[in-house]
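Order as written gives the chain letters A, B, C and D; numbering starts at 1 within each chain.
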Amino acid sequence: MKKELKLMKGNEALAEAVILAGCDAYFGYPITPQSEVLEYLSLEATKRTGMVVLQAESEVASINMVYGAAGTGKRVMTSSSSPGISLMQEGISYIACAQLPCLIVNVQRGGPGLGTIQPGQADYFQTVKGGGHGDYKLLTLAPSTVQEMVDFVDTAFQLAFKYRTPVMILADGALGQMMEKVQLPDQKERTKEIPAWATVGKTKDRERNIITSLSLDPHVMENVNLQLQEKYRTIEKNEVRYEMTDCEDADYILVAFGLVARICQKAAHLAREKGIKVGVFRPITLYPFPYEALNKLADNVKGFLDVEMNAGQMVEDVKLAVLGKKPVEFHGRMGGVIPSPEEILHKLEEKLVGELV
Amino acid sequence: MKKELKLMKGNEALAEAVILAGCDAYFGYPITPQSEVLEYLSLEATKRTGMVVLQAESEVASINMVYGAAGTGKRVMTSSSSPGISLMQEGISYIACAQLPCLIVNVQRGGPGLGTIQPGQADYFQTVKGGGHGDYKLLTLAPSTVQEMVDFVDTAFQLAFKYRTPVMILADGALGQMMEKVQLPDQKERTKEIPAWATVGKTKDRERNIITSLSLDPHVMENVNLQLQEKYRTIEKNEVRYEMTDCEDADYILVAFGLVARICQKAAHLAREKGIKVGVFRPITLYPFPYEALNKLADNVKGFLDVEMNAGQMVEDVKLAVLGKKPVEFHGRMGGVIPSPEEILHKLEEKLVGELV
Amino acid sequence: MKKELKLMKGNEALAEAVILAGCDAYFGYPITPQSEVLEYLSLEATKRTGMVVLQAESEVASINMVYGAAGTGKRVMTSSSSPGISLMQEGISYIACAQLPCLIVNVQRGGPGLGTIQPGQADYFQTVKGGGHGDYKLLTLAPSTVQEMVDFVDTAFQLAFKYRTPVMILADGALGQMMEKVQLPDQKERTKEIPAWATVGKTKDRERNIITSLSLDPHVMENVNLQLQEKYRTIEKNEVRYEMTDCEDADYILVAFGLVARICQKAAHLAREKGIKVGVFRPITLYPFPYEALNKLADNVKGFLDVEMNAGQMVEDVKLAVLGKKPVEFHGRMGGVIPSPEEILHKLEEKLVGELV
Amino acid sequence: MKKELKLMKGNEALAEAVILAGCDAYFGYPITPQSEVLEYLSLEATKRTGMVVLQAESEVASINMVYGAAGTGKRVMTSSSSPGISLMQEGISYIACAQLPCLIVNVQRGGPGLGTIQPGQADYFQTVKGGGHGDYKLLTLAPSTVQEMVDFVDTAFQLAFKYRTPVMILADGALGQMMEKVQLPDQKERTKEIPAWATVGKTKDRERNIITSLSLDPHVMENVNLQLQEKYRTIEKNEVRYEMTDCEDADYILVAFGLVARICQKAAHLAREKGIKVGVFRPITLYPFPYEALNKLADNVKGFLDVEMNAGQMVEDVKLAVLGKKPVEFHGRMGGVIPSPEEILHKLEEKLVGELV
């Protein structure tokens, strides 16, 4: 029997999914355009599952509470929007190094600075190259529908615990604010299992668990890094996710993530109506990035147009994937402006089709 | 008449250069391995030039004091080491967007997390790809000697004011702690000139100056971004700096920045003694990155070995420069371990020379 | 059937009593000599009753979390020691003005400043005269045994809710650290009742609840104050608590609170052995202070010696009670030094008995 | 030759006096009704005397910057209004214990909590009984005119250095906002003298200076307290200041501090017109309080009416002074309401004159 569909706002759907996923604690601080996450959880979560929902003093406090709570082996999370996520960079680096699971949601707005409260995608670099210091990676899921805002929550928690790593859901203000029909999962019980590594008091039958990101001896610290890098290699092997639409016969590929990928599908449709064979490649995991799939695709197409709501960030990874085999062009809008399908088609013709004819 | 040479520790030499550059204010918070900067300035600066030196409550406070003070058109700065710089990411994004000049010094340690107090280079991504949110760039100078720790201070301030942009000096703990002979510049007077854009009280003969990073209208915000991007294109055209050593006849190129470049020169020397023709390419500005120079070099060599004290960060820019023309290999050490010349030579032989024979 | 006695440390006994009282949330920050409260709750509370136990970023954050959580009508609390309590003064004033119930525990150390981690009583003024700004009062219970550390917890919560006011348990480091036999109460269930004034979401059948300490109109704000003062008059009428030992026939009265009262009882015993008729008066509520009882006592005795572990604070209230009827002398020790019974007897003889003979 | 009079707002006159007193640094955070102090200093101070003026992250940060800067032997200060002063209580206790000079200005508003931005006097207890923890005292000057807002600044600094103690100027929002004619003093040069105890770097000819408020050994800490108490006894002997108006032949005394004392003078005038002989007693130093002068006065009058803009705070000190010799009544207004002369006269007749007839 199929479950009923509900019409929900992206941020609220995500918050509902957090409760349904049996999340144990949320620590956050309000910021547009994602404040609904905290608000929804404040009203709903504690009374339904006993989940702790706390508005901390700041984003710095929030991420450090996530760090502390994650050490107990619980499902914990925070959410914010671009400037708030910047304030969390030190904490994220600590959590990654301490190898703790947690979920971080970034509902991006247009930057830099205070910027605008309209949507943006200009935190791609921050998310996948390492906004914080040191060599670490954030396993990153980029939803493009409200349904994925729901589905990726439990997936994110599972990946976080599988790899003991922070996982980011990188959305944007438009996704957070738009309403779509979603199918919600069943309520998961909050788990009572305590992972072997959790610091919840030493028992007699095991050694003391220690969670730290500090190792003063450089050789010990290098080993910590080698372990991290080995984990990242495993993630890169196992967890690459992407979606290809009409790429089999395509001459040109639009590459985009998140909401922009949906606009690109519309643009591809318009292109095919004009006789230009266009496909859409959508990375779902931004890290690990689907380098290989894109590289293969490069053998059979004439060129790529990468489209983002920023000044050109993911395009570097597209170039690293294609590595000179075919031209990689870029079109971006900034400041919270969302590109239209017509505009994308126009840029495709201008930058690639025209050029290559 | 040549000036006397002085034997100085990197951090202290930099701090001395700050005073000599006529810097107006320093705001910071102590962290190993750069605390000498704050300590030296505390003891020396105020009494010699009247410069304000203030230990703030935290790195978050420090960078926001820099933001406020930079708005007055003064020469202002902060310094820290990796985790402290992570805490500044929100503030840096604000300053970049508000188009204010300032100097930020990162004397990197091994990360991620608290990591180790030994040197590292794992903040490359954070520095040049945007550790903070939004599309902005940090003009970045990477010294490889204590003399450059001195020389880059005034250069950084000049670039910061020329382009109204934050400038980063990206050093590392080894450079900060090592002693070398330096030649110090003359004392510059603290300027009394007030830039036209500074917010120091409206005078009757001009409009009100406004410094902000917020523009709620997306089209206004997109224009802010277009201005920023135009500025970055100018910087990329005018300010690329790099150093090539023995690259003319080289078959292999070692690419490295900062201290590691010096070790690579020693490795190249060892290689030439064995008959392998090796040159060294050192980016001095990490942003703007010398893509073009490296791309040209790719036409005449057999391959590149990029060497860093991290898990592989600048190597992405090297690949973006070379774009598949020639193999680009990587060797990195982490956790504060400094690679030796012999080790680098060995890796070169293993990964490139052997391969290509 | 009598319940078993348990040997417990003061701080841990108090923490256990907090759980047994059905407390809903604790927010705090570690400081000697009361860190056991947070530690004990962290280990025991959540798993036994689901109570939220959170180490906040600072004492400022802790008290403001108490403020927010108290608004939901839950049993919430914080604890700290002297310097930490000073950091809470703004928040306490807000909670008192907003008329919210909560428990604050101060396990005093010797001050001022960082002082010493040894016990003290020098926060009497801060507690009862108003450490924060504005006209408000903290209903204050001063335990003198570990058993009272236990018993006063539930009493405090009951008083807090009865009068919608913050209640302070003012202990000291010696009480917190000493072990004594205690009888623990039964576990109270955490209540699900929501007080009518709680801000937990407006329901259709009532007006919006508003909790605030701000009223820009001075006449509205004066009314807020008049309500507060009326409440304080009721508290002063109903809630005065004190203990008199051997005061009926006494010529001299030792006045002391907390632990010092027990030492005074020993001193009184020594005095009676020497033929000096001494009683002990122990205020249990420091606010409301037992002015009337002391004033009555003044009719039948020759003088009072007030003994405190400070430079003389409660002695002002003793003088205000006695109002010149009989001499009121003071003996105090500072810096964490606990006066001995012999020393007290000696001071009594020196300052009163000798004088008055 | 007499200096010209200027018409100035209280807060600005005080700020101007700060500059003229050769103050070296101001650290603060804006809050109504005293933000003009920070604003005026920001615009004027640095450019005229090179004084450091810094808006810190919070009041907690401000007072700790004062603590640090005071250690260098400079003339340093902060200012705020009631809630902001509450946030400083920990820092004030530290500074008092570390025996450092500084100036703290409290331009009181109506409390408790956020209260109102109208004037109040409800921080009397906080100021003179010890808002912070531990046994310390704030030498407190209470101006009643804008001229005293000016004059007390230099006096406060002199007392602060004479006794190495924090000094408070306790004003209120009405004084801060009202405009009156003032005579300004001459510009004092910022001193270059460094006190022997300042921690500005050890020189070869003396021992290391240590500034701390921590002494783990209780006997050492008790000695610190004994020194403090000895200092306070000296201050109580030397620094009591008060003003008596028409008290010689008075039957009734109005006791009031600050602005209210001026209203009392008007009330006394009205009373004398009706044939009731009324004098006004105004404590200028709230600590040390003029106990002795008031006690003497009690011999010749019929009663006291203490008038405050609070629920009754200084009245406790008046009672401690009079000690039952004569009736002490109280009239107070709260929430920012200023009592009128007629109202005061009415209360005097109702509570004392009528009673005693």
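Here is the rule we go by: contacts are C-beta pairs under 8 Å (C-beta built on N, C-alpha and C of every residue); 3 or more make two chains touch, one makes a residue touch a chain.
Treat the numbers as computed from the prediction; the structure is a model and nothing was measured.
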Farthest chain (mean CA position) relative to subunit C: B
Subunit A-subunit B separation of Cα centroids, rounded to whole Å: 29
Centroid spacing, where centroids are CA-atom means, of subunit A and subunit C in whole angstrom: 50
Need the CA-centroid distance for the pair subunit A / subunit D, whole Å please. 56
Scan subunit D for residues touching two or more other chains and write them down. 60
Graph shape for the chains shown, where an edge means the two chains touch. Line, ring, star, complete, or other? ring
Can you identify all of the chain pairs that touch? A-B, A-C, B-D, C-D
Per the touch rule, the subunit B residues reaching subunit A in their complex are 60, 82-87, 89-90, 93-94, 96-98, 108, 110-118, 120, 122-123, 125-126, 129-136, 212-226, 228-229, 310-313, 316, 319-320, 323-325, 333-337
State the interface residues of subunit D toward subunit B in the complex, per the touch definition above. 43, 50, 52, 54-58, 60-61, 64-65, 68, 201
